[in-house]
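Order of writing sets the chain letters: A, B, C and D. Residues in each chain are counted from 1.
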Amino acid sequence: MAQMKRYSYDLPLAGLVLLFALSLPLWAGDYMLGVGFTLAMWLAMVQSWSLLSATTGYISLGHAVFCGIGAYAMVLALPVMGIAISLIFGGAMAGLAALLIGLPVMRVRGPYFVILTFGLAELAKAIVMQAETSMGQFSRLIFNAPSLAVLYWVMLALAVIAVAAAWLLSRSRLGAGLVAVRENEEAAEAVGVPVARLKTIALVLSAVIPGMIGGLLTLRSSYFDAAQAFDPVLSFTTVTMAIVGGLRSPRGPFLGAIAFVLLSEVLWLRLPQLYMIALGALLIAFILFAPRGLAGMVSRLFASGDKSGKVAGHGTA
Amino acid sequence: MAAQLFFAALCSGALYALVALGLNLVYGTLRLLNIAHGDLAMIGAYVAFVAFSTFGLAPPVSMVLAAGLCAAMGWALYAGIFRRLFATPETAQRLEANSLILFYGVSVILQNVMALGFTSTARGYSYMGEVWRIGPVMASGNRLLMLGTALAICLGVLLVLRFHAFGWSLRAVIERREAAGIVGVNVDRVQGITIALGFAIAGVAGVLVSMTEQITPFMGFPLTIAAFVVIVLGGLGNIFAGIVAGFVLGFVETFGIALTSATYRSILIYGLFVTVLLLRPQGLFGKAIQVR
Amino acid sequence: MISPSLAAVSEPRPLLSVEKLEAGYGRVQILRGISLSIAAGTVTALVGPNGAGKTTLMKAIAGMIPARSGQIRFDGRDILAMPSYQRVESGIALVPEGRLIFARLSVEQNLRLGAVVPHARSKADQTLAEIYERFPRLAERRNQVAGSMSGGEQQMLALGRGLMSQPRLILLDEPTLGLAPIMVARVFEVIAELRQAGFTILLSEQNSHLALGACDYAYLIENGSIHLQGTGADLAGNDEVQRLYMGR
Amino acid sequence: MRRFTKAALLCACMTSIAQSVFADEAGPVRIGYSMSLTGIFAQAAPSQVNAYTLWAEEVNAAGGLDVAGEKRPVEFISYDDQSNPANAVRIYERLITEDKVDLLAAPWSTPIHLALAPVLSRYQFPMVGNTAASVQLREVAPGYIWFPTAVIPDKLGVELAKLMKSEEITSAAIMANVSPLSQEIKTYLIPALEAEGITVTMSENYPPDIRDMTTLISQANAGSPDALIALSYPADTFLFTGQAKELGVKAPFVLALVGPTIDAYQKAMGTAADNVVTVGHWSPKQEAWPKAKIFFDAYSARYGEAPDALDSALAYMSLEILEQAVAVAGLDREALRAEIATATFDTINGPVKFEGVENTVTPTSFLQIQDGSLELIWPQAIRTSEFRPKTAW
């Protein structure tokens, strides 16, 4: 019941927000649009990450690898396929990579999984750097990138898709299976949940959109260089936002992304190191004192018994 | 040539072993993945730099200072935050599960505090740069000092673990924290001392690398990564195997480059890292001992 | 021979007394107000079905899990708030269920670790020699890693480790679990020897028949509270106990 | 009613004009830039920010920036781009549209310069770049960005080969970081060396996170080349120098790419740094550039360390160019663009003039650390000292 009520309230609101977001390029300046692009990017990124990590409890610290793969695939395909198809190709390649590594990687658990994903991202970076060097490439410039408005709309679409995917997943049998994996993998397996397959599907789902995000970021900076595209800070920031937003709440990714983008807009002014220090302190504070994240705080504010929040506090990866 | 390579591998290996040792001690006793470990080494490097260029103190003195400073940080972190969280199983579990992200926050703070205080300009100082010839091997003084110190600390820790009651207590906590208390080990004290010790070792490692590397607020991350590769090779929390793995990594890196090409260095190391995690998460050596 | 460090010569007050103890794991409460007392120099048995709370009680007395409320007094002192290592220092040794030996340490290191508390450390060499005398198998295997030994040997090691701390009270939690019958008999021999030597023992045992035969006094625990108590013989003769726990 | 509205509007208009005129007279000239204060490039930021700050202090001390005859103080508005080109793009958009800065100064690194070029064109906002170095700069459509650097990999390859030839080098071993600049230089250097008849005895790449170079240097030594060329970045430049010393490199010509111009390099390497050749086109020793020594002294006094001969010098130069252009053209962007595109500027690095996006006056040059100072050793026309073979470490 609580679920129904919440969504009936949330849906019109979401529609309004979406309408507002869609119209942004029509009236906002480039700076606002840039902020919007960044916000949509983080929302899409964190939400995609959540598809895997929040639902299954397998914390990925290497999601930059999918951005990197997507960006690289897009850059390679660009001369042949044109921008739109290259972008999709990048997403597909990221998904394919996830499919290929899925089975072996998703067997590894706990802290081992976390550092494995990080190691994989660094390995992929080293391989792509080596590949670029052996092809005699040093960095790639991209000409004729689409305008910011177009990039923004595409990024917004990715964010919407990611949110919709998370919503659909949360009410599907697949989602229920993944939650079972998170709560108790052995038990899930024992009652016949096809654990290995579900986990691989979750990994692939959470990889495709980051692949396209990587492509879009490359178009935005009109420049590709492996060290940039596979920047591990991307992975870390994603996890940070997810944790600060609230891991187990559907509102978490929104709140996390918004909080960070706002904070950075405010503190960026002349205080970059202080901004980073604040970021670090915030992260620590949330892990230690507010494990349910901003979403938990929000639902406590409206303490009318939000059921979704309750699950969040219990147990983590 | 072979002897020179051997020396190079030994030097890299000793440094890897030392950096990883501190990380492994902290992971072993507290189950915390300290991704800020390299940043403690960075703090050590700045201690050495300031001591040398402002006060004219040589790195061997700085080692003591850096060890003391980092140990104090470790102890403060433990007494101020971790001890309380370890008191109840729920918070302890949450802390352990999120430790890597938590220490990422610590890492960001340390780097940027140093960048604020010292700017991010590279720093450097010259100490014992003269080259010695030892048989077929050419070695600069600072690398010999690094090798000697790293070996001495690793050996010292191993001896304590083998022969001293504190070492046994420590191993007991690493192996079964819950059972250590009932034989009379003061787990709280062991954990506090160990985190201080692990941090101190990182600080000393930082002093050692500061003699040959450029010093910047961001120099720590590569060290952290190297340390993680090493403790994964050895098996998380397995102190002895971790030290062996440090040398294995040094030799794999040096001779791997010699046999193939330097260009494959990172692919080789990360490839090894990923392979071990996929195939033998308990580490290259030890038996398949269940690590929670 | 091994003997308690402070000879507890028939004092009027009990060595250990537990009052209205409540404890559990997380949100699950296991112990629901348990009270018992143990006289010095006796063997006290805890019997009862699986999951009744015997092990939880042992852990709570040893400080492995915190108590929610109630009282635990040892030798007249309130030890409820003490961390477990201090309880070892004051003379309580838990030989836990499942042994919990340190599998990667050698046999001798395991034993010496038992003497890590200050008052035991000074006598460690002497105690060690005595334990080797009592358990020759441990002496033979002193340099072997403990994880490589058989279950019965590990049980002896766990017991030896407990003795190394110079305890006055030994908490023996399910010492015969998973052991071959010949080893079970040996365990009860050792218990008798220890009682002879003057140790106070709290024994939790699923094999009620053996336990009630070997003890001076016994408690039957069900659902986290004391259901029956009396001398070993009393309980062994009780109809209900016989029917439910002794398979007669 | 209508009249009243009109009057009010007029009034408002006039006050706003008056305000803006007044503000123009009193207010400072605001110069915006983005810098990689955190992230992977952060280490390089201070050498550039210091030069900017020094320039602003000097300008303000001299009564302000000459804006077509009117003196106004300058102030910076800067943000951190976290070493991320996409962030930098966003920041410059913000500087232009939200902060409405009067002028722009350059960020750090090639990728960020390249990413900015389209933004500058879109807003028709001129900016003098500085620390970018790539042949790809030439692919940028000329218009609103200029690159004063003389470190362009193709020219660099050719000039380095000429320098080596003139020092009678006949063979060279090359080791290159896989990072873009190193690889680009290598691509142009090898054919240039071959064209000059210099044998390449070894050419190896290594990843940026290399931690031991014993193998590489030993391999290089094995061919007994006359020259050892390390196309390195700061971290590996330190490593390379230490280990080359240890392994007793005999080659008389030793070059390290990025790093030797950093103050800390000499402090860390001591005598081993002596006679190492590096890339750079500025030296305080060049007397034909009177401003060079002044800048060096001012910078050293202000920051307690020598300016980076590459980044600090370029950063300072870029603002000198801007300053001189503003003095003539004022703050009108089109006038400013025309002035920068056509005039010749007098900088700490001598005269600078742009053709297209490139500085065509400053020659591609090489520096050598000699007795603790950076000397220009090539080309002949501007050199401040003779090349010295590296005989000792």
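Miscellaneous remarks
Simple rule for what comes next: a residue touches a chain if its C-beta (ideal position, glycine included) is under 8 Å from a C-beta of that chain, and two chains touch if they have at least 3 such contacts.
This structure is a prediction, so every number in the text was calculated from the model and none was measured.
Considering the contact criterion stated above, the chains in touch with chain B and with chain D alike are A. Between A-D and A-B, more contacting C-beta pairs join the chains of A-B.
Chain centres here are C-alpha means, and the one lying farthest from chain D is C.
Centre-to-centre separation between chain A and chain D, using Cα means, comes to 36 Å. Note on chain placement: the centre of chain A and the centre of chain C lie 53 Å apart, centres being C-alpha means. The centroid of the Cα atoms in chain A and the matching centroid in chain B are 32 Å apart. Inter-chain centre distance (chain C to chain D, centres taken as mean C-alpha positions): 75 Å.
Among all residues of chain D, those that touch two or more other chains are 37-38, 40, 178, 205, 207. Multi-chain contact residues of chain B, defined as those touching 2 or more other chains: 111-112, 115, 225, 263, 266. Along chain C, no residue makes contact with two or more other chains. Contacts between chains form some other arrangement here, matching none of path, ring, star or all-to-all.
The set of touching chain pairs reads A-B, A-D, B-C, B-D, using the touch definition from the header. The residues of chain B lying in touch with chain D in their complex are 1, 4-5, 7-9, 11-12, 53, 111-112, 115, 119-126, 129, 131, 138-140, 143, 212-219, 222, 225-226, 253-254, 257-258, 261-263, 265-266. Note for the complex: chain C touches chain B at residues 25-26, 62-64, 83-85, 88-89, 93-94, 96, 100-105, 109, 112-117, 120-121, 147, 161-162, 165.
For chain B in complex with chain C, the touching residues are 89-90, 165, 168-169, 171-172, 175-176, 178-179, 181-188, 289. In the complex of the two chains, the chain D residues touching chain A come out as 37-40, 78-80, 82, 84-86, 88-90, 93-94, 96-98, 110-111, 114-115, 118, 134, 136, 139, 178-181, 183-184, 187, 205, 207-208. Against chain D, the residues of chain A that register as touching in their complex are 29-31, 34-35, 37-38, 126, 129-130, 132-133, 136-139, 141, 143, 145, 148, 217, 220-223, 225, 227-228, 231, 233, 268-270, 272-273, 275-276.
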